[in-house]
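See the structures that follow.
One chain, chain A, appears in both complexes that follow, with chain B as partner in the first and chain C in the second.
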Partner chain A sequence: MAHARLTAAERGDRRFAVLASAPAVLTIAALFIYPLLYAVLLSLYQLNDKMPKATKYVGLGNYAQLLSDPDFTDALVRTLVFCLFTVLGGVAIAVGIAVLLQPAFRGRNLARVLLLVPWAVPPVVNGIMWKLVFDGSYGVANAVLRELGIIDHPIQWLADPTLTMGVLIMSEIWKLTPFLALMTIASMQAIPSNIYRAAEIDGAGPWSRFWRVTLPNLRGTIMFLLIVQSMWSIKVFDTIYVLTGGSGGPAKATTTLNFQAYLTTFSYLDRGYGAAQSISIMVIVIVVTLLWVLILGRKGKAAS
Partner chain B sequence: MAVHTLTRRSAVLGGSAGIGALGLAGCVSPTSDRATGADRRGSSRALAPDGSSLEGTEISILDDNTNSVFKNGLIQRFQDQTGIVVKNYEMANFNDLHDRFATSFAAQDSSVDVVMTWAGWSAEFGQAGWLQELAPEAIPQDLIRPALDAVSWDGSVYGLPKFASVQTMFWNRGHFADAGLEPDAAPQSWDEFVTAAKAVTTDDRYGFCCDMGNPAGAYQNFLRALLLAGGELYDKDWTPKLDSEAAVEGLTKMVELLQVHKVMDPSSLQITNASDLIDVFAKGNTSIVFNWPFQWASAVAKGAETTAQTTGNALIPGISVRSASIDGSEGYAISTFSSNKQAALRWLQFAAGAEAQTRIVDDEGWFPVSKTVLDAPETTKTLPVVTSYKESTDYVTKRYGTPWSNELDQLLSAHVFAAMSQKEKPSDALKAAQRELLPVVEKYLG
Partner chain C sequence: MSSVTATRASEVGAPEHVADRSSRRNPRRRAAATVVHRAVVVLLMLYLTVPFAWMLVYSLYPGQNMRGQHMDFTPGDLTLGSYARLLSDSTFTVPIRNSLIVAAATTVLCMALGSLCAYVFARFRFRGQRVLLLSMMAVQAIPAIVLAVPLFVLLRAFGLYDSLVGMVLTYTAFILPLVIWMMVSFFESIPVNLEKAARVDGCTRLGIVRRVVLPLSGPGFAATAIFAFITAWSDFFLAKVLTSNSSPMLSVRTASFQGIFAMDYTAAATAGVITALPVLILALVAQKWIVQGITEGAVKG
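Then we have the complex of A and B:
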C-alpha cells in the first residue's frame, strides 16, 4: 500500500505533536516503564539485602520457586476466596443498588450523593473504622449484638481467621461498591426508556424487565466493573495492613498475594523473590482481565 | 481496513524504544556496587571518635514514639553541649518503622543519620551492612550487657542502647484483696499464678491478659513461656529448638490459660502492642499482666484506675524455673549512608549518658542502660520496679534478635495461633514451625 506524501505543514504538525507529547511519554517511561523493567530484572536475581554477598543471577529460578512455595500458593487461594466475594458480590450489590436508585423518588439525589461517602473515605481511615467497629473489647459490633441479646460474650472478630477474612471482605465491599453502583447508575440512564415501555406493553413484569432488558444492556458496564474490581481485589493491601496491624493475620488468614509480596520484599528484605511475586501478580491481573473479556465479550458478540 | 506494514521508520522507532528501555533497566545492575551501596558506605572500618570539631554539623534522627524526653528538652541540651544541630527529629509508630528503614536503606538515603534500633533490627540491618559498626573506643564502659546486646549481632556492635527493658509481672492489689488473696504476695510459681488468676477472674474481667495479636507479639509471648519452662530457642550453633520439651510445655501452659483455666482474656489474641495492654491493666480491666517497665508509669499516671499503692510488681513466676524474662531494650544506630557519622556518634553517646538516662528513668519509667545510673539510690526511689529488674538479672533474660527474626515471627505466629485456638496440638504446631524454620536459618547461616 502506497503512503501519501506528507506536505511540509503536515510534517511540521507531526513534529510538534511528537515534541508536545514527549514530556508525558518521558514521564511515563521514568515512572512506569523503568520501574517495571527494573522489577523484571530484579526478579531474575537472588537478591536478599540481608545476604548482600549472595546476590547472583538465577534466571527464572525465583519463578520456579513460586510454584513450590506454600506461602505463595496459600496466599493465592486466599486471594481467590477474597476475589470471589468482593468481585462477584460487589458487582451484584452494585447492580442491586443501581436498580433501587434508578426510579424517580423523593430524596433520590440525596441518596445518590450519600452513596459516594464510603468511596470518598481514604482507605486507611476505612481500615481504622472497621477495626474500631469490630474490636473484641470495645467494638460497636459486639455492643450492638449484646444489647440485642444475640450474644452473651464478646466475639473476637479480629482474632478468628474466618471472621477476620469476613470483616476484610465486608470493608472492601463497603468501600468500593459505591463506585461500582455509580457507574451502573450512569450506564442504566443510557438505556432508552422506550425499550422498557415496549416491554411493559408486551406484559413483562419487573423481574423480566430487569433480566431481559436491563442486564443485557449493562453487559459492557458489568464487564468493565468486573475487570476493575478484580484488579482492585487482587491488589488489596491498605485495608489488610490497617485491619491486622501490618501482619496479614491472624495466622496468615488475610495474607493475600499482594500482602505476601509486601512481606517478602519489605519484611524479609528478599527483593529478588519479592519482585518475582509482584510480576506474577501483574500477570495474574492481566490473565483475569483477558478472562473477563473472553467470557463477557464473546457472549456480547453472540447476543448481538 | 487499516493495514500496518513494518517500515524503516517504525522499525527504528521501535528498536530505539526497546534499546532505551533496556538501557534504563540495565543501567543499575543488581550486583553492582552502586546497587548494593558499597560505593557509598565509605570505609568498612568500625567507627571511633576522631576528636574533630563538630560545631554546626547537622544531623537527622528517626526514632520510634517511645521516648518523648528527647523532644522535651534533651535535644536542646545536646545542641548546647556539643554545638551539633539536630536538623530533624522525627518520631514514628514502632510498627511502621521497619519498612521505612528498609526502604530508606535500600534507596541508600543519606538524609537520615541516626535510626532507632533493637535486637532484631540490629541483627537484620547490621548483617545487611546498613548500620555502622562501632569501635570499642566509641562504647561507654558502664553499659549493662543485655542493653548492649540489643544493638549487637555476631560480635559486632552497631549502636548504643538508649534504655533497658525487661518484662516483669504487674498485678492489681485491689483485685487480689477483693478475691481474698494477700494483696502484697506475688505468685512465686506458675501454679500459684494460675490459682491467683482464677481467683481474680470475674464475670466482668479476666485475671490475665497479654498481647499476642501480631506476629511479634506471638513470638514474644511464646519465647517468654519457653524460657519460663527452662528452655532455649537455639543451641550454640543457632540450630532452632522450637519443638523441644520446654517449648511444648511453655506453649501448653499458655493454651491452658486460655482454653482450660479460662483466665486469659480472649482479646489477648487481637491486642497488637504493649501500649494497648498497658491500657487494659491501667483501666482495671485485667488483674495480672507481664509487661515492660513503662507499665508502671502508666499504671500510676493521673487518670489511671490503678495507683502506686494498688500496683504490685515482681518477677514473672516460672514454670520449671523460678523466673525468666524477655528483653526489650532499644538503642540508636548510625546509617552507613550518613555523611555525618562523627556527629551521629556524639548523639548515641549523649543518649546513653547519665543526663539522658536519668531523664528516661525519671520521666518515662524505663530502666537505665548505665550501671552508674542503675545503682544510684535515687533510681530505685523514682522507679520501684528497678528492684524487680535487679532481681531479674539472676535469671535468664533473652530476646534472640537475628537476621531472620521477621520470618520467624511470621511462621511461628501462625502455629502459635493455631495452638491457642486448639486447631493444632502444641507439640504438632511447634514441630511444624521447627520444620519451616530450619531452612530459613540455614539460608542465612549457610
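Then we have the complex of A and C:
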C-alpha cells in the first residue's frame, strides 16, 4: 500500500487514518511526554516550596541522596515486603480461585460474577470498609473475636506497625486478586480440553494435571498477572491514605515508596527531591516488569 | 446425608477436574470431594461480599448501636437517617454531581477518541505502528505521582487547575491508552470482509466505524466504556492533587470522613456505600459484557 501511486481512495484512507488517530495520540502525548520531561528536569533541581530562594541545579544530587536517606531505603524495604505478599500471594490466590471455579457446577456463574464486586469497589471505599472491620474500638473483628472468647482485650490492629501492614496487605489482596482470578479463568477456558482428556488417559491425577497441563499453559497469563499486580502494588496509595488517616503510619509502618514520594512532594513540599523519588519508582516499575519478562517470557515455547 | 450429597453431585454432572481417578471409582470419596469443593466456593462468595455488606449494615444503624464491644442489631433501629443527612449536605452532593459529570464526560471522550484511534491501529499498517501501540502500554508504567506536580503546573498555566474540564482532560489522557489497547483487540476480531461489503456500497471509513465496526464490537465496547467510567469515578490520587475547593470530587470528599483520631464511622460507612454503589451496580448489571470482554481479550493474547 505504501509504494506505487496512491489512488484517491487510498489517499482518503490515509487522511482518515491520520485524522482519526491524531486526537487520541496528541492528548496522550501532551499529558504524558511534557509532564514526564518536566519531572525529569525537576528531579535535577533542589527546589523546596518552603524555601523558594534556595532553588538551584544539583544534577544527580537528589538521586545520590536517595541511597543514604533512611526514609527512602526503609520505604523501599516496606514496598518489597508489601509486594512479596500481594504479588506472589495475590497471583497464587488468583490461580487458586480460578481452579476452584473451573469445573461446572450450579452457582458457578454467580461466583464468577461476584468476583467483580471487589474490583468495582473504589479504593477509597476499600480503605473505609476495612477500617470498619479492624478499628480497635469500633471494628467488628474485635467484637467477633471477643464473642468467640479468643481475646479479652481489644487488639489495636491499626496502631501496631506489623498488624497494620497485615491489614493493608489483606485489603489490597481482597480488592485486586478477584479480578486477576477472572483473567485467569478467561485464559483457562482457552486451554483445549482434549489436552486434559489425554492427560487423564495417561493416568494423571488432578494435581499432576494442574502442574503439567494447567500451569504451563497459563505461563503467559501468569507473567501478565505478575506484571500488572507488581505495577499496582508498587503504586499503592489510596488504601494506605484512608486506612492510616493520611499518615502512612503507625510509625511510618505503611509508608511505601509511593507514599513516601507523596509525603516528600506534598507534605514537605520538597518538589525536586520528590520528583527524584517518583522517577526512581518509575524506574523500579520498569525494572520489575522486565524482570518478570526475563524470568517467564521465553521459556513458554520450550515447555509446550 | 451422604446419599443426598451423592445424588446432588451426580445431578450437577461430573466435576471435570475435582474428582481424581480413585475417587471416581469410589462414589463416597467423590461425594466428599464435592462437598468440600462447594463449601470452599461458599466461603469464597462470602469473602467477596461480606466486607461490603458489613459496611452497608453499619451505615443503616445509628452510631450508638455500633459503638463499643456490644453491637445492637435490633431491626427496629434500622434507619436511613445517615443517608438523609449526607444527601442533604451540599458539601457531599456537589462532589457527587462533579464526579458524575467528570466520569461521564471522560467516558464519552475516551470512547470517541479511543475507538477511532484503535480502528486505525487495527485496520491500517504504517511505520512505527508497533512502537506506538507498545508505548500505549508503556505509559502504564509511569506512576501518577511522577506526573502529579507537572500536571498541576500545566493545568494551572491553562487556568484548568481545580476545574472539571481539567479533571476530564487528565483522566482522558490516563485512561485512553488502555481503552485503545482493549478496543484494538476487539476490532481485530471483526472480519474485514464485512467492511469490504460496506465499502463497495459506498460507505466512508467513518461510516464503516459507526455502522459496521462499533455495532459488531458491542459487548467489548460496553465493557471498555464501563471500565473507563469506573476508573475515572474511583480515582483518588489525581483528584486529591489536582482539585481543591471549587471542584471537589467525591472520592476525596469520602476519604475526608476519616481522620487519624476522630472519625464518624456511620457517616464514613454511608459515604462509602454511596460512593461504591453506582459503580457496583454498573459492574453487576454489565457483568456479562465485562466477563465476555475479558475472555475475548484473553483468548486473543
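Keep in mind that, in the parts below, the second predicted complex is superposed on the first by the 283 of 304 C-alpha atoms of A that agree within 3 Å, B and C clash if a C-alpha of one lies under 4 Å from a C-alpha of the other, contacts with A are read in each partner's own complex, and residues count from 1 in each chain.
In this text, a residue touches a chain if its C-beta (ideal position, glycine included) is under 8 Å from a C-beta of that chain, and two chains touch if they have at least 3 such contacts.
These figures come from a predicted structure and were not determined experimentally.
Using the contact criterion defined above for the overlaid structures, shared-chain residue A:Tyr268 touches chain B, although it does not reach chain C. Of the two partner chains, neither chain B nor chain C is touched by A:Leu215. Contacts of A:Thr55 after superposition: chain B is touched, whereas chain C is not reached.
Legend: residue contacts after superposition of the two complexes on their common chain; A:Leu80 is shown touching neither chain B nor chain C. Judged by the touch definition given at the top, the superposed model places A:Ser247 against both chain B and chain C. Residue contacts after overlaying the shared chain place A:Ile151 against neither chain B nor chain C. In the superposed model, A:Ser137 makes contact with both chain B and chain C. Of the two partner chains placed by the overlay, only chain B lies in contact with A:Tyr45; chain C stays clear of it. Contact with neither chain B nor chain C is seen for A:Ala64 once the two complexes are overlaid on the shared chain.
Of the two partners, chain B and chain C, it is C that touches more residues of chain A. When both complexes are aligned on chain A by C-alpha atoms, chain A residues 1, 34, 38, 42, 135, 137, 154, 244-247, 249, 266, 271 touch chain B in the first and chain C in the second. On the side of chain A, the complex with chain B involves touching residues 1, 29, 33-34, 37-38, 40-42, 45, 47, 49-52, 55-57, 135-137, 154, 156-161, 244-247, 249-252, 263, 266-269, 271-272. Residues 3, 5, 20-22, 24-26, 28, 30-31, 36, 95-96, 98-99, 102-103, 105-106, 124, 127-130, 213-215, 265-267, 269-270, 272-273, 280, 285, 403-404, 406-407, 410, 413-414, 417-418, 421, 443-444 of chain B are the ones touching chain A in the complex. Across the complex, chain C meets chain A through its residues 12-13, 15-21, 37-38, 40-41, 44-45, 47-49, 51-52, 54-55, 58, 66-71, 113-114, 116-117, 119-121, 124-126, 132, 136, 139-151, 153-154, 169-170, 172-174, 176-177, 180, 204-206, 209, 230, 233-234, 236-237, 241, 251, 254-255, 257-261, 263, 265, 268-269, 271-273, 275-276, 279-280, 282-284, 287, 290-291, 294-295, 297-299. For chain A in complex with chain C, the residues that touch the partner chain are 1, 12-13, 16-17, 20-21, 23-25, 27-28, 30-32, 34-36, 38-39, 42, 97, 99-107, 110-125, 127-133, 135, 137-138, 140, 142-143, 146, 154, 174, 178, 182-183, 186-187, 189-190, 193, 196, 200, 203, 205-207, 209-210, 221, 231, 234-235, 237-238, 241-242, 244-247, 249, 258, 261-262, 265-266, 271, 274-275, 278-279, 281-282, 285-286, 289.
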